[in-house]
Amino acid sequence: MANTFGSIFRLTTFGESHGAALGAVIDGCPAGVPFDLELLRRDLARRRPGQALTTPRNEADEPEVLSGVFEGRTTGAPIAVLVRNTDQRSKDYSDLKDLYRPSHADYTYAAKYGVRDHRGGGRSSARETLARVIGGAVARMLLAAGTAVDVRAAVTAMGPHSAERPLAEMAADAVYSSAVRCADPIAEPAMIAWLDELRAAGNSTGGIVSVRVENVPAGLGEPIYDKLNARLAGAMMSINGAMGFEVGAGFGVASARGSENNDQFIRGADGLETSSNNSGGIQGGISNGMPVEFRVAFKPPSSIALAQQHGAATGETVEHAVTGRHDPSIVVRAVPVVEAMTLLVLADMWLMAQAGKSLVVSSQ
Amino acid sequence: MANTFGSIFRLTTFGESHGAALGAVIDGCPAGVPFDLELLRRDLARRRPGQALTTPRNEADEPEVLSGVFEGRTTGAPIAVLVRNTDQRSKDYSDLKDLYRPSHADYTYAAKYGVRDHRGGGRSSARETLARVIGGAVARMLLAAGTAVDVRAAVTAMGPHSAERPLAEMAADAVYSSAVRCADPIAEPAMIAWLDELRAAGNSTGGIVSVRVENVPAGLGEPIYDKLNARLAGAMMSINGAMGFEVGAGFGVASARGSENNDQFIRGADGLETSSNNSGGIQGGISNGMPVEFRVAFKPPSSIALAQQHGAATGETVEHAVTGRHDPSIVVRAVPVVEAMTLLVLADMWLMAQAGKSLVVSSQ
Amino acid sequence: MANTFGSIFRLTTFGESHGAALGAVIDGCPAGVPFDLELLRRDLARRRPGQALTTPRNEADEPEVLSGVFEGRTTGAPIAVLVRNTDQRSKDYSDLKDLYRPSHADYTYAAKYGVRDHRGGGRSSARETLARVIGGAVARMLLAAGTAVDVRAAVTAMGPHSAERPLAEMAADAVYSSAVRCADPIAEPAMIAWLDELRAAGNSTGGIVSVRVENVPAGLGEPIYDKLNARLAGAMMSINGAMGFEVGAGFGVASARGSENNDQFIRGADGLETSSNNSGGIQGGISNGMPVEFRVAFKPPSSIALAQQHGAATGETVEHAVTGRHDPSIVVRAVPVVEAMTLLVLADMWLMAQAGKSLVVSSQ
Amino acid sequence: MANTFGSIFRLTTFGESHGAALGAVIDGCPAGVPFDLELLRRDLARRRPGQALTTPRNEADEPEVLSGVFEGRTTGAPIAVLVRNTDQRSKDYSDLKDLYRPSHADYTYAAKYGVRDHRGGGRSSARETLARVIGGAVARMLLAAGTAVDVRAAVTAMGPHSAERPLAEMAADAVYSSAVRCADPIAEPAMIAWLDELRAAGNSTGGIVSVRVENVPAGLGEPIYDKLNARLAGAMMSINGAMGFEVGAGFGVASARGSENNDQFIRGADGLETSSNNSGGIQGGISNGMPVEFRVAFKPPSSIALAQQHGAATGETVEHAVTGRHDPSIVVRAVPVVEAMTLLVLADMWLMAQAGKSLVVSSQ
């Protein structure tokens, strides 16, 4: 449902951009998982770069763990984590009370709900992703306790610039050390310059986040409607500004022949592998043990400094330029969110696989 | 969960390619909806072209409505529809009992379940989509009773060939009269020739299905995780062979500026509209009243006549050429399935919107 | 939701009393469970005594397994089972088209749905419980494969007559050999005579079904809202005619002192046990390894041969005596249904416990 | 699932007795509902009598509304409410670290989770019901905005004492003015004396909460498994210490004849009514417009001052008398919790009915 994600490992989130706090409640996490507060802090910090490149909103985002952890381990009870909003500056947004910004959720929320918390986007604000990162961090703790799953995500395209270096060669630390979340020696400076240019022009840019997950156990994903790729697609497209999702060879398959696209079996160290990975590690909706690989396209932020045609509650249109803080990209800040959603899907699918464990010894 | 789709308008399906029957149970359909058996038959026929272009499997696919309909109307009770398998020919597949075909679900099902119904793919067969089409037909009946929603889908790319004619100008009848589900005077014959060439070569091709839904009421979709685009993405990626999903401007946004991508408000006949539709009719996860537009990429079918490296239960690889019926494309047959999943998502979201109806008179 | 029961082990049912068929779809059953068709037939036969004591409706109730089973084992795919209605005699009910029978669902279905399948109660008929028994039989197969759970149920009270013999001493075969599902040498003949008397008088009687489940592993049940007792209560009260549920000492606790009611710990063969079982094997919503014990009260069937005040669609009341088949008790036929719902709850809770398995070795 | 209650109107709760805070997240509440903070405070105060009769734990229980409310109305976003624990005194419970108290959840939590927050019962503490009362208060606001539903609950039995006055004649204010939540001139002083006696003896007592809901619209409840009575039963039995549930004539039906138990139709002011209400306002699982009436039996609190046989993690038993705060009854404090769960079920069922609204004009 609306504000809950997952079937067994379930994240419920709440909070508005300019309300008192954002929060996450994680239910279904097994007991006994070592709870790593530093890991949670690190993941939250990765979402809040502090560099000039992103929104200059300067909140500590210090998480308070309210429940579900006792003597350093999860207890099986719901884990609630709260982050106070400390920098709300509501007045920035008062001029937007009766205006709908282009390509924002203002108009659709008004149409759906009748009432609307217009301060900074309210519930539709990107600040909501903070709660997803909390959930992702707990999923990471669970997966670390039970599997060797390793998620890697980075910005691989932004405006006209693309990374050449494969994701497998970008270490997570290097990605998060990069101001544009791209550990590619050529693309990184180009992207930085591109963002500077757009910021100066009061404009914004789109981009792509790529993901590679290693050590996904074979057998995750549920046919028919809960395929691993379907869950990942839904998870990614639920992030603000996501406009496209592709797995493995993605949209490239449209012009491929079967003989080119099929992943041939080879003998690997631990059993069968495939010589290519056009399937992105998923066949028939179930992981096959190869790396899970996908990409998510994010649109340029709708908030720009240029004058645009806004809608008014009266049905009129109004030319208006929004003042205030503008981030010239979503994609940079989206990297840890994409990672978090990936972890949430994998944790849920892994627990589901425990529940559905075959009573026959597998033939593999 | 695995074999149920939807939250309020829920489709549960069952059946294997070579089992006794396929079936669909639709729960949550309100009472009083006129039940149109001819519409159901038509939708099933659209999935089963009969032309030489697709699998020459010749089943009547006659639906039997077992429950939930009384004197021509739905009663609020679950609607169960059964279609018998009448052309199973199990012997075709006996050579695959211990082999995993490349890029099929054979290996992953074996890894997950230990046991496997190897006959024609079992539950992972594309025949499963028949039950989705049944669900989609009932969703269509509901939406026809309560809204003016109009779904249009067609093949718009296949191998090197793309349609130029916009989807808005392809009538549904014209699409389904086309052997390649593409009512474009230039692309259609090119696609037909392309399929002939691949079939002769024992090969297969990928393609793209595009969708345009008109008259979607503003306000459908639930933040945060049940965004309309997230639900559509999950629904589409749950279809066998889907490798990519994009809404509105899709992956094109990665290289766009905000000033180019934002949809400016204009005054329309019935209130606010937008001058462009890069958002694909969805903003903040909620429909804005503009046409909902998206695309789905399908891979070339994995079953080809050429020799390929199969996996064996022993961990060995085996060069093998699969005999039997091969369809050189998924994408042609996917069109009514994409339509069905779209209808299922919209029906569910429409009922959810009824449940969540604001107690405030909308400001629009 | 309405016609689906369970979270992981999920039963979806369909069908009306006088429609084409009843059916059950079981999703979430792990692969590899030996499928025992004879057990399914036996459980269905137990619901359909054939003795004069219950409805003289004479249907074979032969189950057809449509999917999910291959070479004698479950495959992880949904298991669909169909039972045709072969003895519908719709004309029996035509006089009730515009009348609402007292204490039936006629009026409430009309109020809720506007349209109504009046033939034999439609979806609200007790015939619907057939599909529950199918689901229960599959749950029994799963539990047999993974646990030693043993469910015992019997009629322990009917009208003025109560069984003295404890349930632990009534073998299942003896219970189902009894025409009143009560293997008590004194109560059984009294109940049989009581039913004869009521049938002759055109009247009906209520009663109680008691349940005792042995070998329930400790740890089943989920706090807070999915407590094992809460799930059992919801399951039992979902059966037609159930009016009360109590676990362990039940309503008797209202007049008990803590010192009398508390179950003191004792040392058992395999660890801690309790000297009494007023908790009914459940503490804090979680099974403690002692037998799970509860009781369900069923009302007398509303269909009697005596003249009663019916409601009419016009808002008038009409004195009317319903003709046709009348069963003087629900409770006899309810026994296998209560058993089935118990098995469904336990199967679901057992799989849930697998998913939530602690990552710490238990201290017990 | 475990810590979430409801399908559309959903309450997710978290927090332990001796943790930082308890919290409730309400999702699915429509926008535009006037948010009444005073009503929330009143409902919380009703749970925390302050009289000597209940646990002398003296917490303010001041709710902080973190999200989902803007300018006095709900916005459609999740409503999170936090209550800090301010009086935890963990040391009281340190002697119970390795002991399982009789008839508590200590042993079962240890068996299930391996780790256990032993401080005051942790998540299994009755303090958890505070979050239910928060959810119930929001449900009350929703129902007040959309219906005339009026819930009345009171203690009607305790130990040997029962109220004679019908619930319909006990005003809510009078109930909550009574230290035993029983506005009966004879039973109230008897119950007070009874509690004094048990407290002095270090013992405890069970009791019964009765509920009567007026103005429930006909048509609430979903067949088959989501019957209104099934949902109420599950909700009530999820409350700590609930051992029995009965609706309408309840367990009394076991000895009744159909001719006595059936509710005859009569003409009422606004259409059909029934002359008796043995059905408790629910027929076929759906409300019929008559008052919804049920009862819940609560056991005596397990915590008593007398020496009892505890279990130890080693498998030994230990005679031990628990010191600390003891409440001689659950049932007094359960009244507002029973009310809250009733409101939560009705709110959910009312929204579900909106989603499933028949497309046919009802014949009534």
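Here the chain labels run A, B, C and D in written order, and each chain numbers its own residues starting at 1.
Just so we're on the same page, a contact is a pair of C-beta atoms (placed from the backbone, for glycine too) under 8 Å apart; a residue touches a chain by one contact, two chains touch by 3 or more.
Note that this is a predicted model, so its numbers are computed, not measured.
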If each hop has to land on a touching chain, what is the smallest number of hops from subunit A to subunit C? 1
Using mean CA coordinates as chain centres, what's the subunit B-subunit C distance in Å? 39
Rounded to the nearest whole Å, what is the centre-to-centre distance of subunit C and subunit D, using the mean of the C-alpha atoms as each centre? 26
Taking each chain's centre as its mean C-alpha position, how far apart are subunit B and subunit D in Å? 45
Any chance you could list the residues of subunit D touching two or more other chains? 1-4, 8, 13, 28, 31-32, 73, 76-77, 109, 112-115, 123, 223, 358-360
What pattern do the touching chains form: line, ring, star, complete or other? complete
For subunit D, which residues are in contact with subunit C within the complex? 1-5, 7, 13, 100, 102-105, 107-115, 123-124, 128, 157-160, 198, 203-208, 218-219, 221-227, 229-238, 240, 242-251, 253-267, 271-272, 274-275, 278-280, 282-289, 297-304, 306, 308-311, 313, 315-317, 331, 353, 358-364
For the complex, give me every residue of subunit C touching subunit B. 1-4, 8, 10, 12-16, 19-23, 25, 27-28, 31-32, 64-68, 70-71, 73-80, 82, 109, 112-117, 122-123
In the complex with subunit C, residue positions of subunit A that touch it: 8, 28, 30-33, 73, 76-77, 145-146, 223, 351-352, 354-360
